[in-house]
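Chain naming follows the written order as A, B, C, D, E and F, and within any one chain the residues start at number 1.
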Amino acid sequence: MRPSSRAPDEMRAIAIETGFTKHAEGSCLIGFGDTKVLCTASVERNVPPWMRGKGEGWVTGEYSMLPRATHTRGSREAARGKQSGRTQEIQRLIGRSLRAVVDLRKLGERQITLDCDVIQADGGTRTAAISGAWVALRIAVDGLIRAGEIKEDPITAQVAAISCGIYKGTPVLDLDYDEDSSADADANFVLIDGGQIAEVQATAEGATYDEEGLLRLLRLARMGCNDIFAAQRDAVK
Amino acid sequence: MRPSSRAPDEMRAIAIETGFTKHAEGSCLIGFGDTKVLCTASVERNVPPWMRGKGEGWVTGEYSMLPRATHTRGSREAARGKQSGRTQEIQRLIGRSLRAVVDLRKLGERQITLDCDVIQADGGTRTAAISGAWVALRIAVDGLIRAGEIKEDPITAQVAAISCGIYKGTPVLDLDYDEDSSADADANFVLIDGGQIAEVQATAEGATYDEEGLLRLLRLARMGCNDIFAAQRDAVK
Amino acid sequence: MRPSSRAPDEMRAIAIETGFTKHAEGSCLIGFGDTKVLCTASVERNVPPWMRGKGEGWVTGEYSMLPRATHTRGSREAARGKQSGRTQEIQRLIGRSLRAVVDLRKLGERQITLDCDVIQADGGTRTAAISGAWVALRIAVDGLIRAGEIKEDPITAQVAAISCGIYKGTPVLDLDYDEDSSADADANFVLIDGGQIAEVQATAEGATYDEEGLLRLLRLARMGCNDIFAAQRDAVK
Amino acid sequence: MRPSSRAPDEMRAIAIETGFTKHAEGSCLIGFGDTKVLCTASVERNVPPWMRGKGEGWVTGEYSMLPRATHTRGSREAARGKQSGRTQEIQRLIGRSLRAVVDLRKLGERQITLDCDVIQADGGTRTAAISGAWVALRIAVDGLIRAGEIKEDPITAQVAAISCGIYKGTPVLDLDYDEDSSADADANFVLIDGGQIAEVQATAEGATYDEEGLLRLLRLARMGCNDIFAAQRDAVK
Amino acid sequence: MRPSSRAPDEMRAIAIETGFTKHAEGSCLIGFGDTKVLCTASVERNVPPWMRGKGEGWVTGEYSMLPRATHTRGSREAARGKQSGRTQEIQRLIGRSLRAVVDLRKLGERQITLDCDVIQADGGTRTAAISGAWVALRIAVDGLIRAGEIKEDPITAQVAAISCGIYKGTPVLDLDYDEDSSADADANFVLIDGGQIAEVQATAEGATYDEEGLLRLLRLARMGCNDIFAAQRDAVK
Amino acid sequence: MRPSSRAPDEMRAIAIETGFTKHAEGSCLIGFGDTKVLCTASVERNVPPWMRGKGEGWVTGEYSMLPRATHTRGSREAARGKQSGRTQEIQRLIGRSLRAVVDLRKLGERQITLDCDVIQADGGTRTAAISGAWVALRIAVDGLIRAGEIKEDPITAQVAAISCGIYKGTPVLDLDYDEDSSADADANFVLIDGGQIAEVQATAEGATYDEEGLLRLLRLARMGCNDIFAAQRDAVK
């Protein structure tokens, strides 16, 4: 029934390759099937102006698609001179999601920027970005701890994200591009290992949905995130 | 318990003044307590380039805060030379929400722009904007029907939005600014009269939440939106 | 003779509603007939960089039209990414006009920003803005004096503005949109109560004018401003 | 009494060197004392989109200061990425002033752009620009007539501009930089040969002024413009 | 002597992995040691406005560095709202270099954009970009030929680029970051297989150089490019 | 053979008029035939942020063309809101070229900005700009030395630049616009008096070139620069 021939509750293959670039304090290339996102964590000593002198840190995200990550070439945001509303929405979500599992006081007055650059897109780029950003962050923070710069681990849990949607009337897990572009509803869930929720964004596209539909999507998301949590743990072992 | 002394499931007073400006095809000033948003609907004959020649219309939203709508003056986006990520996120949400109740084919090749300008802010500006935009849209479309420009009513339902949150552990309805700034979770619901959901955006701020919490917020939102649906019907009678 | 059927020296109704928004230190909604401008005065402790440490204050103006303040919708300057030349010209004029009646030393090292946002436009928006901005300023400064933050009143006089023009050969007072768009000459006068002039901007549109024409416009402006001065005094009583 | 030791009604030397650059259809370097502005007129076959198909032409102005035209270096507007409010105000004035003496129907569907670039500044750059732009325009239009592209002369009169001001209580003609920066009032007059007025912009700087003051400035401006009219005629002979 | 311990005429390892992304008509990840650049070729049917209707094609380049491609994180050009002078200089060079080996008439009215995104930087990113762009272009054009869209091969030769420099008095081949940042002269050569030169850019950094120095750098560049030509041929076999 | 009828090794007339504007610390109008560039040197006490506190100075260049310096009017970069890639490339080259002959420590913590504004263009504007900028710099530095602000002369040599190209198979010196637009190769050389090279930029346009061609262009450039060095010395005597 799905264009991908997957079962409704079947994720695409998750692949996480750590250390993909050598300069960043933490990095990985995460793949959800053909969607591939390079996530790097950069540690800097200076926090944004409005946070200075509080002894707390900050975690933020940036997101971009390479122009030819997609089926047809998109124009480069740097050339257009501004980031699209979609880009800004996604990078705000990445930052919020990661901050949900970081104790900023334990981080000390430093900023960690999570750059998520989409190398190849096939649906679900923002959820892959969040899931990979956690890995890059974990590696960077482990480095800070090993170097003695941080005493207590500021990361309080794992965070992962997955998209689900209602496709031809059936709730399905981990939409790829073909499914995403014709789904009736499209939801992104950001979940914490242990069961808590950090963010739900569930949007009616072709048709509105009901409470039952929302709950079924949430349950699929839990299944998917459990797989991602396992892959994250494997990757940073 | 709430700074506003309201009961957990108590909305602020809803006030809708239609015809607030004379040039727009539809307009209202909507108030959720001290939050006041001017919503206008402008009908234009040309649709965006990528929609031309399809015989369909388009509905879009724009959002802005007057610089001194808030406690302290914010800089003017036109002076800074760009719209913030928050502004863009909100105006994309307004457009999506209203399109969820419009049959674009019945609208014909015309665009309706819903401008939502916040005159005074006290929390919940985006949900007031969506709720008021529906009123402006309804008035504008009624005008098109009366003028014989449109044969069948393209509006399929009412849409309204409300924010809910978990404040000191308790789910509460219709957050004002004081509550919003210290809530643990903050959720915006866009609902359709009849019970369907157009959009859920539920974000953990200070603490993550669980499925039970999400459902309790959704139920509060239903109560609130029912009040707004009634006020909308009153306003356009 | 005039599209509005007014006598050549007849103003439109002046309406000033103070306290229109609750956060600003001073505010009013001023109406010259169907032209309606929301004016707010915001007091801030920091002055522009080039004024710091001089012990003097600064008064500045900003101006904007809501996109659908006009007959047809205009694009939003924040979305276009820059303010038009017209907008900048008007906000420079607002700032200059108000500074003409403020002793900046007595204001102390604080900045007052006068935001003038046009809610509905029917000609004469810049002159309504200046006239309303004085009311907002007066209220804000009265608050500073009452709070003991300022010892001596820095406001030295009232300032008001009105447009006049030569319409079908006849000098007329207070042009509305229909008159403005077909006048031969269009002049804005910024006057001080007591008779002095702060600014004259008189532009030939369809036909040039002579010294006699200029003087007749100035005399009409005096009449109009006297009415505005009275309305301002009423409003801040 | 004046820093320049000139009599109150004494202009600086006017110098107009035509043909200063070879590519433009008309050009001159105009000097009012040490103020030097290069004015070029460029004729193009296409008019702005909103004028197309009307069979009428358009005349517009652009203005800029070289970064080191002034006492201290100013930053380059192209590097800052936007034109200042002052620049936009001046270029709007240049366009309006020249259009006041052009019959756009006789010009036919072509645009003439008057670029006024300040090579050296010592007060009065905008008035020198307008006065020189007329010369460049006259030369360009003469070329069109000689080439048989235009049948009837679209230029209806000469236009010139001069600044006057109240300096230490005395009305003076043609302010230089030292006088301008400490004048109580500063007025720019755009006059037509024969006595009509195209534009008056009279601004109180340190002190407000009265009707009598305005008239005395206007009379000085007439004297100054008569000298400029003569120099323009000499230049294009 | 060199920080990298390489002999003066020793290149870093060249690695070219074709088909690195699946959507682009041609792509490769090219490595010069630790410098890694993703090059994609996108074929589009529309050429820039100034080329339309000539029956000729266009080849252009774009270049960007991921923010953390470098030792310390750089800000994202899309977030700053403009491309740096360096970026623009490099993308102009990429376009020129590739056009030097393409017969635009044989390409027909289509545009090929070569996007060069630096994944990891260690000196020589622009020369790796040019060398990899040729591979991506070759693959894309082979696809057009196979599909019968192009009859005659528009690619006339191979093009490759390499940097050389004078490091502590000795001409060396293929500067890495450490060498580049302290070289006395830094030169980029774009060469054609067969021996012709497409571009030389040779810049004195710490000390100027002489004709003999320039020639010695050119000879090193020939050696390096011969290695790259071989690797390119291997990659597209 | 050349459109200009010059011999292959014949320069256009070089004209340098010093003191062209009165405010700059150094200035000249340099002409290479019909190409005329106004070069000013502005001395400021503050260096860029990344240079502060090192006791060293900085020399930088800016470049612009007046809109009608060229055959057809170009749009103004300040109006477009950004500088073109070409402009940025040229101003980077100007800065680098002048820094090649300045000992920044001897300059002390001050910045000298070389503004090069093209008044009239006929090919070779960047090379005229560099050659004239040296004259403006020399005059400004002489002023600093005379005023006792600088003890030792920070200028270590003369620098000049010239373009050469291969025109219809023949290497020619000092391309004018007609030659430049149809040359097969176009090279800019920045040379130091005494024979050293600061920069070579040699680009194939219609056809690639070989080592022999490069060397012949370099030898022509030496001849041309020797003439410019003499003219520079004359100008600053």
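Quick notes
As a working rule, a contact is a pair of C-beta atoms (placed from the backbone, for glycine too) under 8 Å apart; a residue touches a chain by one contact, two chains touch by 3 or more.
The structure displayed is predicted, hence computed values, not measured ones.
Counting only chains that touch, the fewest steps needed to get from subunit C to subunit E is 3. Common neighbours of subunit E and subunit F: there are none. Among the remaining chains, E is positioned farthest from subunit C, on the basis of C-alpha centroids.
Chain centres here are Cα averages; for subunit A and subunit C they lie 50 Å apart. Averaged C-alpha coordinates put the centre of subunit D at 33 Å from the centre of subunit F. Contact of a single residue of subunit E with at least two other chains is seen at positions 81-82. Annotation: chains form a contact ring; the order from subunit E, going to subunit F first, is E, F, D, C, B, A.
Every residue of subunit F that touches subunit E in the complex is listed here, in rising order: 82, 85-86, 88-89, 91-92, 96, 100, 187, 192, 195-204, 208-211, 213-215, 218. For subunit E in complex with subunit A, the touching residues are 21-24, 27, 34, 38, 40, 42, 44, 62, 64, 66-73, 76-79, 81-83, 87, 113, 115, 117, 119-121.
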